[in-house]
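The next part holds the structures, each set out as structure tokens.
You will see chain A twice below: alongside chain B first, and alongside chain C after that.
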Partner chain A sequence: MNALTLEERGISSRVMWLYLGTGLAVFALMAVLGLTMRMAQATWISLDPTMFYAIMTLHGAGMITSMALCGMGGLWSLMYREHRMRPSVAYWAYGLVVAGVVAVLLSVFPGKFGAGWTFLYPLPFIGATWPSWATGLFLIGIALVTAGWIVWCIQMFGCVVSAYGGLRGALAWDLVFHPKEFAASGREAPPPQAFAALVASVDGLLAGAAGMLIGVALIVRWLSPSTVLDPLWAKNLTFFFGHTFANLTIYMAIAFVYVGLPRYVDREWHTSQVLAVAWWGTLLFVATAYFHHLYMDFVQPRSVQYVGEVASYLAAFPPAIVTVFGGVLLVYRSRMRWTLGSLFMYAGMAGWIVGGFGAVLDATIPINSILHNTLWVPAHFHTYLLEGVLLFVLGWVFHNLEERSGAATSALVRWIAGLGIFGGGAIFLLGFYVGGADGVPRRYAMQPPPGPEISAWASTGAIILLAGLVVVLVEGIRLARKRAASAA
Partner chain B sequence: MDFNQAVLTVFIVGAALIVAAMAAVALTSGGAPQPQSEVQPRGYALRRRWFWALAAATVLALIISLPHLPYPSASAMAADMHVTVTAQQYGFTLPAELPRGRPIIFDVTSRDVNHGFGIYGPDGRLIGQVQAMPDYVNHLPFTFTVPGHYTIRCLEYCGVGHAYMQASFEVK
Partner chain C sequence: MIARRERAWPIVLLAGVTLAVAMAPPILEPAVRLDVRDHHIAHAIVMAFGAALGLALAASAPGSGERPAWLVPVIVAPLLAMALMNPASYEFIELRPVLHATDHLALAALAVLTSYGGQRYQRGVGWAAAVFLELMALGAAFGFGVAPPGAAR
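Then we have the complex of A and B:
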């Protein structure tokens, strides 16, 4: 790693905060929309089904994009320290993603496009309650987001292979298979966050290619209604793209923990052979686990159903045995400095494992028969998104704010924020899990019993959770202003 | 306790253990510190055991789950009674009455978009499902052992009437 000049620090900081700020702003809007849907399901408010499904579509697409933006900006700035990249490319990627978000937003408000973020062919074109232009605008929006993502992945892949002497170096191949020669050569293995960048860029490119393929195919279908696609082919591409893109958000965000957590414990998180091999596993399993979305499509080849279950199980190994275990070991008897930054990073690892456990249960085919497309599905991904990815992002934001301001958050504010985010979050998430186990379907504007009753206390939990996040926002502004004041 | 509630219980117990273990480690950070060089060897030894425990649990889960896949065998496809189910925004076409104790293969398809064919038992529990896809027929094997009123709900988002898309039949 070469030390950054003052100018380079500015470049790194501007790119990071642009992405993080935009991502968190989109997140805030999507969170309010999510609460609106939960309150409608609780029958606290009345929401026309057309509007409910339009909001649902925006919420799904927007939430994943918001966390991806945070991961992209943060990881870009971390890898910029390793190998200089052109910021103009990062701005182009940002511009494409934001243009896509705006297009999706306009397709929903005022277009009321409501085919879900999954836009499963041929739903966008059959029985639509929205105008045709909204369908086109939504598809173009998704294609723009995907294009921005691909640009980012290409630049990140180039960065990783340039920084460590090609793909072999980036994979730490010689560290794993020729450790003595590697040590004797005096070379250094890539730091842990570089593996996150490698996996995000490689699997991200595969997912992006699939997303662009289905996106363009649907745009062609929109322009030429006589075009016919194979629904199973379309479903595979959609879920490969969507699942992988969503899944990669946490693998990008864990880079913040790799870099940030050691600074709170004054210990090192270095690359070992085990860590390298674990990331090789992640590279493979993240790209093959999506088959579990199609267990209930019995016409899929039986072999890929087996691959789906095995890959979903094995995808849990690297985080459970290496990354989170390593993080826990880092904290054990360490005299950790507990701040909001370190609290979020540490708690986020618990959220990741708990959400992953829920996902592994659902990835077991006989269990999937009774949980597929019930509230259990949003249960597990809200767990690792809210109590995992978001906490890693907030942990990184506060780590930066704390370092720059030299100030810390009081214990009282930490407790209030913690109670809101973890207490409210637990109530909110349990609503999904209990509803899922009771067979309450997901994506229902009006739920059958016991859905509305469960939604009522889940909404209460969501309000407490959002209150906790507001406390965090106020505290973040306070630290940022303190830094600005000290800089002046 | 039925299967659905057993899954929920396993999850809650597992989640509680994960949170408790991580909270316990967090509490150690307030005590007397130990150098990383002392913590790591013991941690790595524990990690090896953790790996083998997780590997054993994975193998066990595969051994238990793979013989109970919901997919039909070739012999069942040939021998069992076939029932055609057609989904269409926003309803299902299927017989009003089905036999108890006789193996059935539901031949499920869709006339328009993707739907889900979710079977809810007389007690309101979801007991099985399959996707209803345009251009494809999915074959769901099922044997009803309990008589009563069964409800079908759509379990794949299919448009503005998705939540109202249901049907029912009696098992006698």
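Then we have the complex of A and C:
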């Protein structure tokens, strides 16, 4: 790591906080929309189904983008410490993503585009209850987000390749296969966060290419309705893009834990051969697991269904065995300082495991044939997004605030925040798991019993969770102001 | 001077081959009609030569560090290439050999821009951009304007 000059620290900090601030603001808006949907399903409030599906579309697209923004900004600043990059590129990527978010927002309010964030062909074009311009604006918005993501991935790919002597160095190939020569050469292996950057950029570029291809194809179909597309081809591309993009949010955010958690335990999280090989596995499995979204597509070649199941299982090993187990060992008997930052990072790893376990169950073909399109599906991804990615992001935010202010959160506030986020979060998430196990379908504005009853207590949990997040927000502002005051 | 000439001739040769691959089929065999899938694959081949030419051109260009302006062609050129591969336009273009050849030239030029722009942005990126452009072009052959009979539209 090269020490940053004062000016460089400013650059790194501005990019990071711009992305993090925007991402968390979008997250807050999407969380309120999510609660609105849950309360409508509980019949607490009345929501026109057309509006419900429009909000559902925005909620899905917005949540993933919000967490991606947080990961992009945070990882950019971490990699900037390793190898200087041009901030203008990061600002361009940010501008494209934000322009896309605005376009998607307008396609829903007032456009009421409601084909779901997965925009599965031919759904955006057949039986639409929204105007054609809303379809076009949504597709253009997603294309802009994808373009911003590709710009970020290109810069990150260039960064890791330049910083560690090409792809071979970035993969730590010599550390794994020629360890003695590697040690004798005096070279240093890439730090753990560099593997997150490499995997996010390579898999992100693959997914981005797929996203751009389906994006252009759908925009052409929108402009020229006589154009035909193969629905199965479209579904494969859409899920390769969407699943990979969503999945990478947690692999970007884990970089915060690699860097942040060791500072609470005064230990080092170094790159080992096992860690490098684990990330190679992640590189492969993240790109091939998406097939589990197509189990119900009987025309899909059977061989790729097995690839989907095997990759989904294998994808669990690197994070569970190497990263989370490594994190637990890092903390074990370390006299860790428990602050809001460290609490979020540590708990986030538990959320990742719980959500990942739910995902692996759902990726098991005989189980998927029962749970497919039930609330079990949002159960697992809400767990790893809300109690995984978000907690890693909040952990990183508080780690920075605590370091800058030199202050920590009181035990009382930690308990209140913890009870709100984990307690309320558990009630909220259990609503999805129990509903899914009971066969309540997902993506239904009006659910069959026992859906409304479960939605009612899930809404209660979501309200408690949001209250906890408000406490966290207030505490974050307090720490930020404390820093501002001490700087003045 | 001699070294410069030695460096230049493979580029000239590659440029000639790219031109031939792009322009010869529409001009020399205007009556041949390809189905959409094969036409996409033909475009992917034209772009592969274009991308290789871009990489060859960039090999002698100075390069260290990031040049952000070169990211613009890396992002925009593949998008334009995919838009030019609009299958609805194929029938119209195939009936006009000169337009068809120009279309192929444009695709080759966009591929040159993609890989050259990538290398000028930062060493290594041009290779990745070329691979992803090819993946997109080949990927299009399996569903963009191609659908099984009876598929929902």
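In the analysis below, the second predicted complex is superposed on the first by the 488 of 488 C-alpha atoms of A that agree within 3 Å, B and C clash if a C-alpha of one lies under 4 Å from a C-alpha of the other, contacts with A are read in each partner's own complex, and residues count from 1 in each chain.
Definition applied: a contact is a pair of C-beta atoms (placed from the backbone, for glycine too) under 8 Å apart; a residue touches a chain by one contact, two chains touch by 3 or more.
Remember, predicted model here, so these are calculated numbers, not experimental data.
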With the two complexes superposed on chain A, say which partner A:F298 touches: chain B (first), chain C (second), both, or neither. first
With both complexes overlaid on chain A, does A:W92 touch chain B (first), chain C (second), both or neither? second
Which superposed partner A:W17 touches (first chain B, second chain C, both, neither): neither
In the three-chain superposition, say which chain, chain B or chain C, touches more residues of chain A. B
Once the structures are superposed on A, label A:P231 by its partner contacts, choosing first (chain B), second (chain C), both or neither. both
Who does A:W173 touch here: chain B (first), chain C (second), both, or neither? neither
So, A:Q155: does it touch chain B (first), chain C (second), both, or neither? second
By the touch definition at the top of the document, which applies to A:A209: first (chain B), second (chain C), both, or neither? second
Could you say whether A:E268 touches chain B, chain C, both of them, or neither, answering first, second, both or neither? first
Figure out whether A:I126 sits in contact with chain B (first) or chain C (second), or with both, or with neither. both
From the superposed pair, tell me which chain A residues show up as contacts to chain B and also as contacts to chain C. 122, 126, 230-232
For the complex, give me every residue of chain C touching chain A. 66, 68, 71, 74-75, 78-79, 82-83, 86-88, 118, 121-125, 128-129, 132, 135-136, 139-140, 142-148, 151-153
Okay, in this complex, where on chain A does chain C touch? 85-86, 88-89, 92, 122, 126, 147, 150-151, 154-155, 157-158, 161-162, 166-167, 205-206, 208-210, 212-213, 216-217, 220, 224, 226-234, 237
Give the list of chain B residues in touch with chain A in this complex. 3-5, 7-8, 10-12, 14-15, 18-19, 21-22, 25-26, 28-34, 36, 39-40, 43, 47, 50-51, 54, 58, 61-62, 65-66, 68-72, 89, 112-114, 116, 118, 120, 124-131, 133-140, 153-164
Could you please specify the touching residues of chain A with respect to chain B in the complex? 49-50, 53, 114-116, 118, 120, 122-123, 126-129, 230-232, 235, 265, 267-268, 274, 296-299, 302, 305-306, 309-310, 313-314, 316-317, 320-322, 325, 328-336, 338, 346, 349-350, 353-354, 357-358, 361, 364-367, 369-374, 433-434, 436-439, 441-449
